[in-house]
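Heads up, the next two complexes both have chain A, just with different partners, chain B and then chain C.
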Partner chain A sequence: MPRISTLNPQLVTELTAILDPKRVLTEREHLLTYGFDGTAALQGEVGVVVFPQTTEEVAKIVRYAAQEKIPIVSRGSGTGLSGGSIPQPNAIVLCLVKMDRILELDEKNLTILAEAGAITQKITEKADTVGLLYPPDPGSMKISTIGGNVAENSGGLRGLKYGITRDYVMGMEVVLASGEVVWLGNKCVKDVAGYSMKDVFIGSEGTLGIITKVLLKLVPRPAAKKTMLAMYATMDAAADTVSAIIAAKIIPCTLEFLDRITIKCVEDFAKIGLPLDAEAILFMETDGHPAVIEEQGKQMEEIARRCGATAVQIAANADEANKLATARRSAFSALARVSPTTILEDATVPRSELTKMIRFIQGVATRHNLRIGTFGHMGDGNLHPTFLTDERNHEEMERVEVAMKEIFDYAIELGGTITGEHGVGLAKKKFLPDAIGNASLTLLRQLKRTLDPDGILNPGKIFD
Partner chain B sequence: MAFSTRERSLTDIPSTALKGESKPHHLANLDFAVLQQCIHCGMCLPTCPTYDTTKLERNSPRGRIALMRNIAEGHLDVTRAFGEELYFCLGCLACETACPAGVNYARMFEEARADIEDAGVLRYAKRDFVRAVMLRFIFAHPLALKALGRLLRLYQVSGLEWLVRKLRLTALLPADLRELEPLTPRIQPDFSDQLIGPVESPAKPGYRVGMLTGCVQDLVYPHVNRDTVDVLLANGCEVVTPAAQHCCGSLHAHNGELTLAREMARKSIDDMERAAGSLEHLDAIITNAAGCGSHLKHYDDLLEHDPQYARRARLWSHKLKDIHQWLAEIGITPPQTTGGSQPSTINYQLPVTYHEACHLCHGQKITQQPRTVLKSIPGLKLVELPESTWCCGSAGVYNITQPEMSHRLLERKLDNIAKTGAKVVASANPGCSVQLEAGARERGEALEIVHPITLLARAYRKGGEHS
Partner chain C sequence: MPRISTLNPQLVTELTAILDPKRVLTEREHLLTYGFDGTAALQGEVGVVVFPQTTEEVAKIVRYAAQEKIPIVSRGSGTGLSGGSIPQPNAIVLCLVKMDRILELDEKNLTILAEAGAITQKITEKADTVGLLYPPDPGSMKISTIGGNVAENSGGLRGLKYGITRDYVMGMEVVLASGEVVWLGNKCVKDVAGYSMKDVFIGSEGTLGIITKVLLKLVPRPAAKKTMLAMYATMDAAADTVSAIIAAKIIPCTLEFLDRITIKCVEDFAKIGLPLDAEAILFMETDGHPAVIEEQGKQMEEIARRCGATAVQIAANADEANKLATARRSAFSALARVSPTTILEDATVPRSELTKMIRFIQGVATRHNLRIGTFGHMGDGNLHPTFLTDERNHEEMERVEVAMKEIFDYAIELGGTITGEHGVGLAKKKFLPDAIGNASLTLLRQLKRTLDPDGILNPGKIFD
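Here is the complex of A and B:
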């Protein structure tokens, strides 16, 4: 149940001295809308929300908070999937969406500089105007902020070939817990002067500093793209296809799969003629030089057929390709149509263990009598088992908890991880010790104490 | 800062000070599945014109739904701030198109506004008066609406309007009315019942359809109704048009008057049954106004608990078709072309662009059919409008209640139209047409705003001349 914390009037006075009072929200009808993000069944208390417009304003707020030891929870568009931006009681919610300028596009050095609140899609579009590409494409890129992507180290559909957000961050401006502002990194491809501190902040989920600007690497936009869908009667055949493609030394930019439940939900939403009787669908994309992708496309089609695909459909044009990509992108939300509560997980295993993991998840669903739709990034082992449930049914929710634990344990057993791209936040906190071990956890804690000795930055996230 | 006034008015009033007496039963009684459907993924945010402007969660569909849930669960009262928020929402339903989880925002929005009206948190004398006159009298009684139309027409053609403007008597009006005065649409001399016979039949009727003439459409664009009938005749449809028609109730439903909306729905069904014998005798019931259509299709939901009307309402919703949708379903008879090397019967010097009415593209998911209609016209060159599905700010009475936001959206729309170079804008909703015409007048731009069906009707007439 959402509650509103009691406001310290002094706090509001101080904040309105730093910011235009219009950018300090205290009205209940505002606060109730900042208590959640994209994570199911998580909600927090909000005391005050502030919208800084400059790094200096952020620094002033942090300096004041540091002095008074008031917690700060930073957030962008609130699309996170691990509860990383769920506010703490009596915290200042620092929302960066009004710092959304793209500051510089450097075609000579292939970089783009943006404020933390810039929308990921706008960065992609900006790069596109000069024939460049910003490859990371998380599912929420239409509204997610780049600062949030870096703080969560977001993945996306193109991870297999292009990597993830971390691989594109060349530098950043960070406001430290003391309120000091530092620049980390630069436009140099090579730079080994000191520790690579920017890497510490990537994926730090707002617990080590507040990222205010980001310098990103761009790559030339591939000249052409081939998109195809392969349908399968068994999940194993789909997995075999992925292994065979990799074994043939082809690295497609996208290798995504949807299981039967997900196929049905996506088709209900997108109506693009997906086969409802297929057990699995592979969505494959290869990009690059037209001649190369022509050849790779043929090879992939052939491999898919050899591995038992019942049909292979190749997008005739960009429009058709776009439709297929949009359908895959909507998988999570489309699953949400089925039942009142949708819990999305992102257990991840080494690619070679994928089939085992998928089969295990199906077993878990049967054993605990649950509905789990699974889709994900087959090329990089990142799965999204999605529980279709109802939070009002407490007995079922308990079974969901047990099932989730079993899935995480098995992922760890296979050499995988509890979260591939959503982060730990609040949702995975209790699973973290088992996943990384005590020695690693101690190291994380030491780092946190060094950078945020008073524990004011997003306290209670990742670990206690 | 454009929104300073509004922000002040929202924050200055303590949210609990004007709390209403009644319990918010509309939202509280909504099926849990409707309220719970939102997974707060945020995919609606970039498509919401109000969020896009303010970047405040509360001004987004996700934020508004969060507030509605809190009200339904008893954690928040129906406050004045909540009321203002729900009237700041355009109800454009762009969020429904963006929502992959299938949230029924329209339903929640109407129930929320009904709670707001019940609670009376927005009440003050002038608003009460205007609502009583407009919703309970003018738009509830067809004759009253027509009488108002006649009066306005008399004012506009008698020279009185000219005199008033010339003498700058409009300066005597209160500022808010003065700004609205130029928005007043031109009322036409003949309304639909004078232009359309009760039953009109083509040479070889293949279908029999009922025709809804609308309210604003009837007063301001009655020729669009005539054109629609002509197009239906050309496509083998016998057309039954009730002479007296009630308002469909969309205005009432969108403004928190669900009881009146149900009354209007029952009357509309009665009107059509009286004219056609029975709904069973019709293949389709046709509307050409997007705003009406979006509401008319939901009579089944609206009257689901009415034992006398529930069945007929289901039949009604089943048969209710937007004109473009119906033509696409039965296959458009292409307008005849004149022979030779010059195939076009209509020679548009400039291209035509298509503005998508929210309640057609978002409310009814009709996007391709109007383009199909336009492309069926020989010689017509359709250029796509950037952000064609972004609201123009008309949004029912939004341009009256929220002039500032409405004007901002109108400017954005006109800028996008200018980018296309088109001087003819096809638009299938009278509200949008009034808004766009007023905007073009204000800018001094010679834009023709025209219903796609009117363009098609012209092509048939032109084709007929040559054949």
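Here is the complex of A and C:
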């Protein structure tokens, strides 16, 4: 249960002078939910939550906070999975969900402009109305905000073919730690006038500035999609399939896998007829021109069978595709219901090292007597080892900690990273030095000090 | 003619202790060419040029320079078009062309690792041997180095569909201003462990660090390509074609145009039968699956005719495609031969503003009695207004300066930028403050001061 901070009355007076008092929360029952985000076993202490409606209001709050050296934790819908929006005691929690307008859809330039609090799904839907696609599709997109996606540089299921959030950010409005408002980027496909500051703020997890507007790139919506599910008796056969597809010069939009534990949990949960003796299931989608996906679909099926798939199901229509997608989409929910605490990790390795990593995770689970279901993005090496545990069991949590460190160490050894799409936040900051090395860490710290010299923006995150 | 700096004998002694003396040039006749790059009317003063062969040698040189506060100007083949590698007096010119190895082609992870001095074309060729493509194709790619491309964030003809150099940089080795060597990035498609420092160095024009190795992303080589040339009596009709193609949800890999002056110069030069009464020519290519490009090619032809093309030529085979490509490829050479000085600019606007910008440039030329041929990347709004002038004619050069400022001011007014792919360097630093605004400029300066506190890396570039 998050604690409630004792408030400085002067702070509330100042904030209600900037904002309509209805948008300044100080009542205990209103505050509690802002002490959490989507990360298991982490909570913070909340004193006040503000809901600005304009960039100018954000800037005024930041200027006041800068002057008084009060920490600010910005957040959207709070779906983060690394504790990036868990508040520090006495911080102002600045929630951007009331800045949720889509401001412009520019079909000629293939761009969309939105306020940071706009829900990602709404952006996708808006683009879709004119036959365009906003490709990043993080699992949380139905409720997460686009500002949160940009601040975390969110991934999703389509990373292999379409890339990640960073690849679609053409511009942004940011409120700096001083309260100054700056616009970075534009609608030009090419622009090399000076260092790319927008890339500094993308993925900065609220620690360098507060993103208030984003200008995103759109692409034509693919005309068709082919969806299939392949079952395997061994993880190696599934991994061979992925390698053989890439070697055939096919880049599917989705290449997802579930391991045995995840398959069992999904089947228990969704009853869709998954084979409980399968060691791995691949969920594969290719999108594009109908002729191409027809051809690629056939090739992918052949490859899957050649590599030892025990069965391949191909969706004949959108309904069937949706049914197959259920297997992958319900993976996290299915795992989450079997234990009180579900810790969703995202260790990531180069695609070529995936089988080694999965096998290592299974070994870790056995060695430490833990339940770890693994699923994730096989096409881009982004794994989600998911710990099914109970945070009240301190002894087990200690084993989880040890196991996690072993997994991250091995991911790094394989040329990978401690986080593919969830961010560092609070949850992984102790692993960051080993992941990127001291020289890189020094660069990060220098950048933080430069852009936020008093350390008021989301302090205590990313770095220890 | 570049001047030769008077040398500090101690400097040469130190450098020859670090490097084989054969790789330390101090003779006047060897130095002269290092006072230039590809930018017209700019030259610097050279004292010593060094050719390191390893990262450790680069690091030693930088450590020595850092200690003595001697400026370092790094360069590759010197094809830059904004004076980014023009040396300052007394600087060490550090030329990376002897670090030109391709170190690894990783087919499983679709990556290629090379030293900074590797020629871009060699990287493309190496990828091609296994059916892969390195998409960025700056005009200079036959001789420019990949390190230079990354330092300038080079563009090319395929930007609309494939993006620019930044989109393909997965990792890099950089020697910092302190002489410390740091590796940034990895082979993971997704990685959000900390701020993206590699994006800070991409496009930093040698002012923040010296890039010594690059890890690049490759994509499957498209199976086929359709090439066509469309002639127009008005620029509006050509621009309408581009808009209609995008509106039809087609993203061609190349959508290039030539204006009347460029057409005339190309025809005089290459004698390929271009219509001299055309106001504009579009060079268009679509690549991908044969069935798709067949269909898209037909659609593009129909759109071109519907929008008023007076003729459309479609290449029946690769030879014919090469012939059509000559029109666009020879644009710069054709313009360059008609006057002693050719100033190639790259004002860039959102695609929707292209016609306005081209018309404005034509008006500027008339108003200031200048010859400006304009060609460039119509698909991504990246224009190359090319001044055909004579740097010895001071009065005309003054008009060129005024015209250039008017063009950049208007590009900014239209939501564009002063440089789409050439960089700021020396040539455009006076235009940068208006282009990005004071708040952004402050961020850039802060970043520079943070990463190069003594200002030894390529001083005097980007900022005034």
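Observations, loosely collected:
In the analysis below, the second predicted complex is superposed on the first by the 460 of 464 C-alpha atoms of A that agree within 3 Å, B and C clash if a C-alpha of one lies under 4 Å from a C-alpha of the other, contacts with A are read in each partner's own complex, and residues count from 1 in each chain.
What we mean here is this: a residue touches a chain if its C-beta (ideal position, glycine included) is under 8 Å from a C-beta of that chain, and two chains touch if they have at least 3 such contacts.
Everything numeric in this text was worked out from a predicted model, so none of it was measured.
In the superposed model, A:G423 lies in contact with chain C only, and not with chain B. Of the two partner chains, neither chain B nor chain C is touched by A:Q53. Touch criterion met: A:V181 reaches chain C, while chain B stays clear of it.
Judged by the touch definition given at the top, the superposed model places A:D380 against chain C, while chain B stays out of reach.
Considering which of chain B and chain C touches more of chain A, the answer is C.
Looking at the shared chain after the overlay, A:E29 reaches chain B, while chain C stays out of its contact range.
In the superposed model, A:T355 makes contact with neither chain B nor chain C.
Shared interface residues of chain A (contacting chain B in one complex, chain C in the other): none. Those residues of chain A lying in contact with chain B across their complex are 1-2, 22, 25, 27-30, 32-38, 40, 51, 77-79, 97-98, 100, 119, 121, 140, 142-144, 269, 330, 332-334, 336-337, 340-342, 392.
Across the complex, chain A is touched by residues 1, 4, 7, 10-11, 15, 32-33, 36-37, 39-43, 45-46, 55-58, 60, 62-63, 66-67, 70, 73, 75-76, 79, 81-82, 85, 99-102 of chain B.
Put simply, chain C touches chain A in their complex at residues 106-110, 131-132, 152-153, 155, 159-160, 163-164, 166-167, 176, 180-184, 186-197, 199-200, 202-204, 208, 219-221, 243, 246-247, 249-251, 288-289, 291-292, 295, 348-352, 377, 379-382, 415-424, 428, 432, 435-437, 439-441, 443-444, 446-447, 449-451, 462.
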